[in-house]
Amino acid sequence: MGAWLFDPAHWSGPTGIPVRLLEHLGYTLLTLLIAAVIAIPLGAFVGHTGRGGFAIVGLSNALRALPTTAVLILVVLWAGLGDFPVYVALVLLAVPPIMAGTYAGVRAVDPMAVDAARGVGMRESGVLLNVEIPNALPLIYGGFRGAALQVVATATIAAYTGAGGLGRFVFDGLALQEFGQMLAGAVLVALLAVLVDLGFAGLQRLTVSPGLRPAGTGGKR
Amino acid sequence: MTWILENWERFWEVTAVHLRLSIVPVLAGFALSIPLGWFASRSAKARAVLFPLANVLFTIPSIALIVITPILIGVKILDEINVIVPLVIYTVALMVRSVSDALAAVPGNVIAAANAMGYRPLRRFLTVDFPLALPVTIAGLRVATVSNISMVSVGALVGLGGYGQLFTEGYQTDHTEKVLAGLIGTVVLAVLADGLLLLIGRLLTPWARAGR
Amino acid sequence: MIEFRAVTKRFEDGTIAVDELDLTVEAGTITVFVGPSGCGKTTSLRMVNRMIDPTSGTILVDGRDVLTVDPPTLRRGIGYVIQQAGLFPHRTVLDNVATVPLLSGWDKRRARTRAAELLEIVGLDPAFGKRYPAQLSGGQQQRVGVARALAADPPVLLMDEPFSAVDPVVREDLQNELLRLQAELDKTIVFVTHDIDEALKLGERVAVFRKGGHLAQYAKPQELLSAPANDFVASFVGRDRGYRTLTFLHADVPVHPVATAKLGERITVADWTLVVDEQNRPKGWLSGVDGEVEVGEDDLVSGGSLYDGSSLRGALDAALSSPSALGVVVDDAGAVTGVVKADDVIQALAKARAAGEVPK
Amino acid sequence: GSGNNEPAPTDTIVVGSANFPESRLLAEIYAEALSAKGVKVSKKLNIGNRELYYKGVQDGSIDLIPEYTGVLLKHINKDATEVGSDEVYAALKKALPQNLVVLDKSAAEDKDAVVVTKQIAAQYSLKSLDDLVPYCKDLAFGGPPEFQNRPDGLSGLKAKYNCEFKEFKSLDVGGPVTVAGLKDNTVQAANLFTTDYAIKANEFVVLEDPKNVFAAQNVLPLINEKKASQQVRDTLNAISRKIDTKTLLDLNQKLAGPDKPEPEKVAKEWLAGAGI
Amino acid sequence: MIEFRAVTKRFEDGTIAVDELDLTVEAGTITVFVGPSGCGKTTSLRMVNRMIDPTSGTILVDGRDVLTVDPPTLRRGIGYVIQQAGLFPHRTVLDNVATVPLLSGWDKRRARTRAAELLEIVGLDPAFGKRYPAQLSGGQQQRVGVARALAADPPVLLMDEPFSAVDPVVREDLQNELLRLQAELDKTIVFVTHDIDEALKLGERVAVFRKGGHLAQYAKPQELLSAPANDFVASFVGRDRGYRTLTFLHADVPVHPVATAKLGERITVADWTLVVDEQNRPKGWLSGVDGEVEVGEDDLVSGGSLYDGSSLRGALDAALSSPSALGVVVDDAGAVTGVVKADDVIQALAKARAAGEVPK
């Protein structure tokens, strides 16, 4: 594996590691963006109104059951090759954890703070946007980072439809009996997952109010 | 749907395999994650090691894991173990955190009360901490089970995937109905398992719904 | 002014939380709602800013039916303080306080300046502005909660058990602070508590609720004590209501001279002598002894509570707690000015009664 | 049918197949015929690709699997250069490890081929790979990942025809992804198998291979030597005698038919029809 | 009996929670630990059942050094009740109470029978046994907590702010219940609170802690009130300590006869007349009028608190709260037996002081 991974030939060109890494990252980020746009409003709305929580948990569990490869194949059969089937499959994968995290986060916001928000004259949208979501951010990030891990790991299937990404190394390695390449692919995926997670951890630090950090890190008490 | 009805026996057969391949790893993974989760709930150092490790394990592509497992543990390439081991790993990776969080959330005053009454550690864990951690643990188990049911399909790669078989076959013959049948089977199985766990959870935790 | 006119609230599950409430809260006063748990205090309060809408009846704030105002707008004009402050954990103290001005469209700088002023007004160092709520003690959080409610300078303030989560010492501080603020800012305040002592201390008028949302009595504190409307109120205001009545009486009690001595002096004492320090502050009593003695620390009997001229209650307690039965009277500097006797207090009470100063 | 985990009893033959319909069908035919002769048979079908199932044959997880002479030879010996049907067969027999044998080869061939759509064929007037040579550099090619490095793949095309494509897209092994790729013009030429019904169904054009890049691919059973009793040999050889390329095409067409019959059923019908 | 001998607890972070504590809790009494937040009350308590081990010093329970006993075994012999009861949410009330007997190896049936008995002892309907803790009110949960602690019939009971989460009315009930139980069962109880009133009410002896784990005073309640050891104790026991001292004095106060009249009677009143009902129970006062009148409900001035002969405090309050300045004395049936005057109470106090009944 080491030999394959550190062979300079594999680090250049349109099929080299940097390109594959970027492709993989691209799939991941766009998927997460789309999933967030779908899942956060849905989870937040249900969390805010308190209605349909049971359905949201059930739905997200049912969605988790969808085998990503099968979805991918099905969409390929219907819509042909290209990135579209990959995104459909990955977005379906990413939605449940983000939605569940958002829902749980909004539900877990201190009811006193929500009550106070209404009490000072915020409208429902204001309550949601200015109080509930900012306070739910740690849990939203929790769901989001979980989703990111899964998407990074699963974006390998893009290779299945001839697309790029690190999955290429895994699939090609398998097909060519080059375990070195396959393992290198797997390691790169894990590495990318760690990096992406670190990235989101940094983003979380930047965007979550210091007031919400667990006691001890938020400053003197 | 008609495919399922017309090929009931075949469908039933793959369902059975799918069930076996998902139940075994869930049970084994759950059993493993209890001591690990307990450990993580007690020690920040353990958490600092276990959680990132779980994350990394979780990202290893299942195909890679299925192919490597026989090399690592020395079994035949077509053995079910090669599907089960990766799924156990994924289950543990998912569940360690749930169990740890669940145990950490047991109210401190209840634990103090138990200690004060003279519980010894093991008994306390079995009769106080663990039962109280059940609601959160089961929520995690539901996710892990459902994910497992979904992931079993990758076993099709070595001819073992339960519904995964239907996917490959349906796919190869451009037979959408077969793929759909597998998909429906997976989702129905997952929803049933999810519901069953929900039910078991409710039966095991009657107190959770007591009161207001 | 806040008027409840035949206000009833029946929840969906059939609970009648408030039943035909008629009550007028005078402008510029603190009115306290007390009563046992579940008697409808919170519900009544929350109907004022439409956090809950009444099933029937009308609530007027400064003559305007609240149901005619859109709730967010209404609420921005009414300060609301709740238990444990309900601060926004994700915002700094300053931004918490600036919430309402910002909602009302003030620009950021002006809102923050105002917020900083308010922190001072509620007795918090403006340096706290940069902290997050979790970095404050319970009592400090409460102050921030009050500051936030005051931010838009609303004429009306609703406070729902705002001090119940802090310990007794801090609680007393906060109560005093509130009284000071009210004197300064002249708000109309409705204050909910289930602590009768707090009610008696803060309320210009106190509404005692009983289970089922009925108003048992609405009166001045001294009237509640001296003339409870019924057994429920009598038992709710508790034992000691005679003694507590004295809190509201400020009649003059004759101050008698007292023999004093300094530590180390040699004196002959026949009766109780009050030993004082160089600043004439009381140190303790020396009881009658035979012959001449030197006044030493060890001979002192520690004194009772001191009377600073406030209410008859303090005077009586000073007398009752003193080993000599003479209550020590001190001035603002803590120097002895004389002593009071229990008998005199009792006579002052009788006189006040005769003069109609004690409500019947 | 699908695997179960108990080790098969020594007198049972475990029939395997790769995960494409033709292989499964052939495996069903083998299994059905053997069990009709009273041989105990269990099936372990749809095992991924050769890389996986060949390991299975080696480690005894499966005993019998339908194979193709050319690819199997290349799998065992990367450097094999034989292309003719008989030479390949002979080389294969020699190359096999001790414990494995191949029985008689059938006349049926399912070869790799370069396929283009009717439109492309018309546009560039393509009939054979020779015609393609001038346009290679303008075209995208689709095939399984392993096609890139195989001598009977891109490297063969380059060596023998001097054809280098503009781009190679890793798709599946002669499956629907490749078909879809051709149809939506993601790739202009692709690697399919000659008996694939999709070729007929989509009116693809199979380009001739005058320079024999693609080796002969006769269907034959690969079997564990210990399980190859005379009775088993006779039965399987009888089948091989009856199968030719036309048979494969017909059977594949049946499998792809509108009612999508199970391979097991098609196998039974064929066996009945063939009188075995 | 529980003995603290030079017990110090220093936590890992350096905090000294308890500092050289020497204190003996007599067997069969309630001892209360009070003090401000963070002064080491809980730490001291938890060292008794080894939830925390002391840094130095010795704790003896009934003469045995607790450090020589294996903690679980020790704990099964010591009841422990904490704030908000700390009940097991996943067990029924009955099983909560049966916990310790089961741990000690009793069979299930016997443990449950015992648990049901205990529910009755703490004043809970045994029907509650089948419920889960979440289905009980705060006060009921506290009772279950006490029952659970009593289950193994331990001679020693540790209670850490057990009643602080319930409302004042329920709290008083629970306090009375505890006093009744103690009288019946004769346990050695250590009770922690930061409410001085609770301490004075429950404690046979009260230990006042101050910050840093120092014992400021350890004395009987009346002694704390009348002779606080220092300013800290004096300010901690608070205002009203003179008045409160009266709680502990049961000296006789002369009961004077009083003019009574029944409703509807025609009488001529010159002075205050007490109006009573058929059973001679007080209805209210009628003040001096000119000429003959018929006694009607409307003329009555409602009375003050009633004196049932308990302590001087009740007598004084009855007199202070009465519109006639005469405190109505009633017997057990509630019938009027006469009146008391404030002056008499003050004289009784002076007499008690002279006789040394008020600690100095």
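The letters A, B, C, D and E name the chains in turn, as written, and every chain counts its residues from 1.
In this text, contacts are C-beta pairs under 8 Å (C-beta built on N, C-alpha and C of every residue); 3 or more make two chains touch, one makes a residue touch a chain.
Only a predicted model underlies this, so the values are computations on that prediction, with no experimental measurement involved.
Looking at chain A and chain E, the chains in contact with each of them are B, C.
Shared contacts of chain B and chain D, meaning chains that touch the two of them, come down to A. Contact tally for A-B versus A-C: the pair with more C-beta pairs in contact is A-B.
Compared with chain A, the chain whose C-alpha mean position is the greatest distance off is E. Averaging C-alpha coordinates per chain and comparing to chain C, the farthest chain turns out to be D.
Here the CA centre of chain C is 25 Å from the CA centre of chain E.
The distance from the centre of chain A to the centre of chain D, each centre being the mean of the chain's C-alpha atoms, comes to 40 Å. With centres defined as mean CA coordinates, chain C is found 58 Å away from chain B. Between the CA-based centres of chain B and chain E the separation comes to 54 Å, rounded to the whole angstrom. Along chain D, residues 176 each make contact with two or more other chains. Shared contact sites, meaning residues of chain C that touch two or more other chains, are absent. Contact of a single residue of chain B with at least two other chains is seen at positions 67, 171, 174. Pairwise, the chains that touch each other are A-B, A-C, A-D, B-D, B-E, C-E.
For chain E in complex with chain C, the residues that touch the partner chain are 36-37, 167-169, 194-195, 225-228, 234, 239-243, 245-246, 301-302, 304-305, 313-314, 316-323, 325, 327, 342-343, 346, 349-350, 353, 358, 360. Remark: chain C residues 49, 51, 71-77, 80, 82-92, 99-100, 103, 131-135, 148-149 touch chain A in the complex.
By the touch criterion stated above, chain B contacts chain A in their complex at residues 52, 55-56, 58-61, 63-64, 67-68, 142-143, 146-147, 149-151, 153-154, 163-164, 167, 170-171, 174, 176, 179-180, 182-183, 186-187, 189-191, 194.
For chain A in complex with chain C, the residues that touch the partner chain are 110, 112-113, 115-123, 126, 131, 134-135, 137, 208-212, 215, 218-221.
Within the complex, the chain B residues that touch chain E are 107, 109-110, 112-120, 123, 128, 131-132, 205-207, 210-212.
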